[in-house]
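Below: a set of structures, written as structure tokens.
Shared between the two complexes below is subunit A, which has subunit B as its partner in the first and subunit C in the second.
Right after this comes the complex of A and B.
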């Protein structure tokens, strides 16, 4: 269908963490494709490796504990993992950006919002070749960005420190920092956890509008299938360091294939049903000694012999729909 | 902020008042008869008795304290039994020399401590970090007078390019006094040769005093740099394209300095305490030597004055430290504004 080079293509990514007890084999072959102007979701339980995946793309995995042991990450066809270290800052100042999970932790506590946001804008503008920008111009640009995220009274906010802001305001600051003019791909790590539902909704809609207006691609990470259903076109389901299923978002909800996805969909409270349904039996596996074969097999009701021995590759079910499960072998 | 400083100053005055009572009595309880020590073994009992009365030593302690406090409030710290001069004169002569030494070593420990701390934090577990850790252990474990003797041997006696002792060469005329800090006064008077000479004299003693603190402060800065480097905000700054240099020396350094600056106030007291031995090694005509001499001679008024001056300097330094910390950490500033 689409032939152009995707914006981002993660191929068979493997990441391990060295800890005191041994080696955590966390990412075990992650494959993700994001095209231009596409809105993509990434869903999975806590600890399944979502943050680790985007940290790999951004090249900010903690060293020396974390190690990329396999795979490639192509940005516009070039492998980020083999790029010269001096090329990376340009990418970050230009097209690649991110919003982190915890807004308070991702803002520097001892600098004002204006200082941080202003500095980011200054370097981003320099990168675009704009010269001789005055402090005043930067300030007003920063205020504009805050205003766009729906921040009330942005001029005053620029003078405050992160501790003085509410959770929602902090998140709006983080979005402003991330959404510089040149950004083409935004990796948004649970941008609204810890916020109350109305604020969460407001911020996500705003973010969605901004992304749409600018034609930015977004990878939206979330625990919540509801958020992903509303805001994305395509979705990846992740379990214990692997992508288990991917398809268009609509189709995933109509016709989930992978047993894990089915179980996950059952956990969404149905508005018409009788309240919460039961969670998924069992727990996410231990990464020191992950299960052989399909990592989901200890929790899977349909597990077969082969599941305990061999890791299932992605089987295509047509229409961009792929499931990594032996049930869908040819 | 001004209100806070005002409150702190008033608070310090109370502390100094308490300190004066304490040290006043302790000085009098110490064994030995000050009048006898002052007049020497050959004086007659009558002469000694007369001096005791002059000094109100024959009266009860609270009365003595009352007399003392009254003259202090009139700006008179009394006379030294040892130098036989008004104590103010003694302080005026010796205190600036020590303060100059202590501040210089403070400055040296600040610069070297921070630079080594930042670098070994950023390059944690590399050869640089290992080396600076080794130097730090040696630095903390070696008493400063030993460092002093060692430096003196190497630089003055063996290499011979730094003068050994004193504040200034005897053939040089000291600059007109403005601040009492020789180097500063030399520069104010435009006598740069004198200033340079003073600098050459101060470098070894100041460095001997600084070594332990360079080591300690460097380690504290290193560990907070290492801690803060893991923080999400550092990753966020990097991802948002702020250049590495700016991330380290601006966004990482400022929060990491907070614990270091906080311990510097205490370090200042240690530097003063260590100054005595170092002043001895370098024959530095300073206050620390004066302080110990008057204590050994049971020079009552001088002892009280010395302790109070050290107390006052300590209070001021700690106030400055607090102001700097609240400048670095808006959370503290905001709390104060709120409370």
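Right after this comes the complex of A and C.
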């Protein structure tokens, strides 16, 4: 299969936050690989460290509270964590791009959509070495980008301010910013969580088409397994700062292995209406004092002695299927 | 709609308009339904469809602009400053965000004591036992939670406290306004189970509001779908999901991300989501959905359709299903 250097490789990432009460040990050895043209999902509940993971990749963790205490993040074989600070903006303007949950917070309220999109395009082209483009050209390029996201009347939208747009429109603006030509990897952090389902459906379909057309890789972060099932080829399940399971998306829904994944799948209300499970007992651990061993063991029904002592490494279950659980020691 | 003796709550032509600088927001526009005793009546819709305004008006946060609403034989035509204490005791609400609906400066004991002090004065001054009883009812050990403050407990537990507060007055009817939307699915399952158990035990009637259709499928006995302040379709839950009639219901159902092939089969295929929800200040003429409707006809932009009963208990408001004799 594909053997070349993966586009993005997160290796054994540890991140801690210093707070008044002590140190929050949030990420506890996260491993993620994204190959070229691959659509990957990252799923987990609130507070499991999904956003912390992509903030580490973009190097926008809040400083000085947050500290990366271990691991590497390779982008095309180069470690982002050891890059010089002046190299980072180039990467973010060039091949990396991100969409966040709240589009209003990621757009500047005092500039028009046209000004913001234009600026991004200008810098992105500068990064490519293209110079001396007229304002008119940039404007028409910006309008093209908006049109591609399915925005009606892009010329008019360019003259508006973000507050004048609806939530769905704002997110379309963010997507068009994120999908400029140079982008190779898109990090989408809950891009449709704030939107209504009919709008969510439109935006996700559009996003999927665009990513497909351009051969962009995407890391889609979501708490919704349904969205991830529709849009991705491979999926990572995250719990309390660790990746507990990864496999091809289809396989995860057919044959989930990790007790957490199984329990999570059961708690999702089904359209077929077969009632709900009891949920998962307990709650996500306190990061000040995470449990010893496997972080899921206090809530796990099949916890064994070893689970309380040692953190399980990823055990392969064949077919690209890895579960970090002592049950699959083999 | 058939009005039976067991209807605990009747709403007829309810209207709630808000008058703002930008114009009149027609949040709820001529809504009628009846809720039977002991059932869970579901209200779905996207943001801005007016489902929360309906709940708030019934509970008494707003005074309706027009129409009638009755709880048993008491009118709900006034807001709570003009309602009787008995009525306020009987109709309670659980809000969406437990983080902002619980007073951060009060301990859980204080939060739960207030409704007891007002509505169940028989307890005298010793409320601790009554509050503990309430906490046990929502499956929180009182010795652990009694003196904690809201910020010290998780989102799911806060919502359980909010439920306990609503049930403290021993109500007959509870409006649940998106009680689990702010929570993770694993916590949501717990809360929903708890609500179902309490309903059986205490003989409660629920108005359940959510935008999550999959959750609605598992919770409600009957479902009404709202679009721009009006009800588009009402049906018993099973029928609503298996034989949806209104194009908007179909569009909404086809947009839900699901987690199995079995569910995928239930989603209407022929319809895809288009367009955005118009502003409730500027509602399109005729049928308010016609701009997004894939099966729009000439008549739709001119005439607002009326509710017709297609099958027993299955009502739809769409020109595709004209009333007999029309």
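What we mean here is this: the second predicted complex is superposed on the first by the 325 of 330 C-alpha atoms of A that agree within 3 Å, B and C clash if a C-alpha of one lies under 4 Å from a C-alpha of the other, contacts with A are read in each partner's own complex, and residues count from 1 in each chain.
We adopt the following convention: a contact is a pair of C-beta atoms (placed from the backbone, for glycine too) under 8 Å apart; a residue touches a chain by one contact, two chains touch by 3 or more.
For clarity, every value in this text was computed on a predicted model and none was experimentally measured.
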Subunit B and subunit C placed together on subunit A: clash or fit? fit
Query raised in the report: So, does A:164 touch the first partner subunit B, the second partner subunit C, both, or neither?
Result: first
Counting only touches as set out at the top, which of subunit B and subunit C does A:283 meet: first, second, both, neither? second
Once chain A of both complexes is superposed, is A:202 in touch with subunit B (first), subunit C (second), both, or neither? second
**OP:** Please indicate which partner A:22 is in contact with in the superposed arrangement: first for subunit B, second for subunit C, both, or neither.
**Re:** neither
Check your understanding: Which partner does A:313 reach: the first (subunit B), the second (subunit C), both, or neither?
Key -> neither
Taking the CA centre of subunit A as vertex, the centres of subunit B and subunit C subtend an angle, in steps of 10 degrees, of 80
Minimum Cα separation between subunit B and subunit C after superposition, in Å, equals 7
Shared subunit A footprint, subunit B vs subunit C, residue numbers none
Counting only contacts in the complex, subunit A reaches subunit B at residues 55, 58, 60, 62, 89, 92-94, 96-98, 100-102, 105-112, 116, 119-120, 123-124, 127, 161, 163-164, 174, 177-178, 180
Residue set of subunit C touching subunit A in the complex reads 46-47, 154-156, 184-190, 192-193, 211-215, 217-218, 237-238, 241, 251-260, 262-263, 266-267, 272-274, 276-277
The subunit B residues in contact with subunit A across the complex are 230-233, 235-244, 246, 251, 254-255, 258, 328-331, 334
Per the touch rule above, subunit A residues touching subunit C in the complex are 45-46, 166, 168-169, 196-202, 204, 223-227, 229-230, 253, 263-265, 267-280, 283
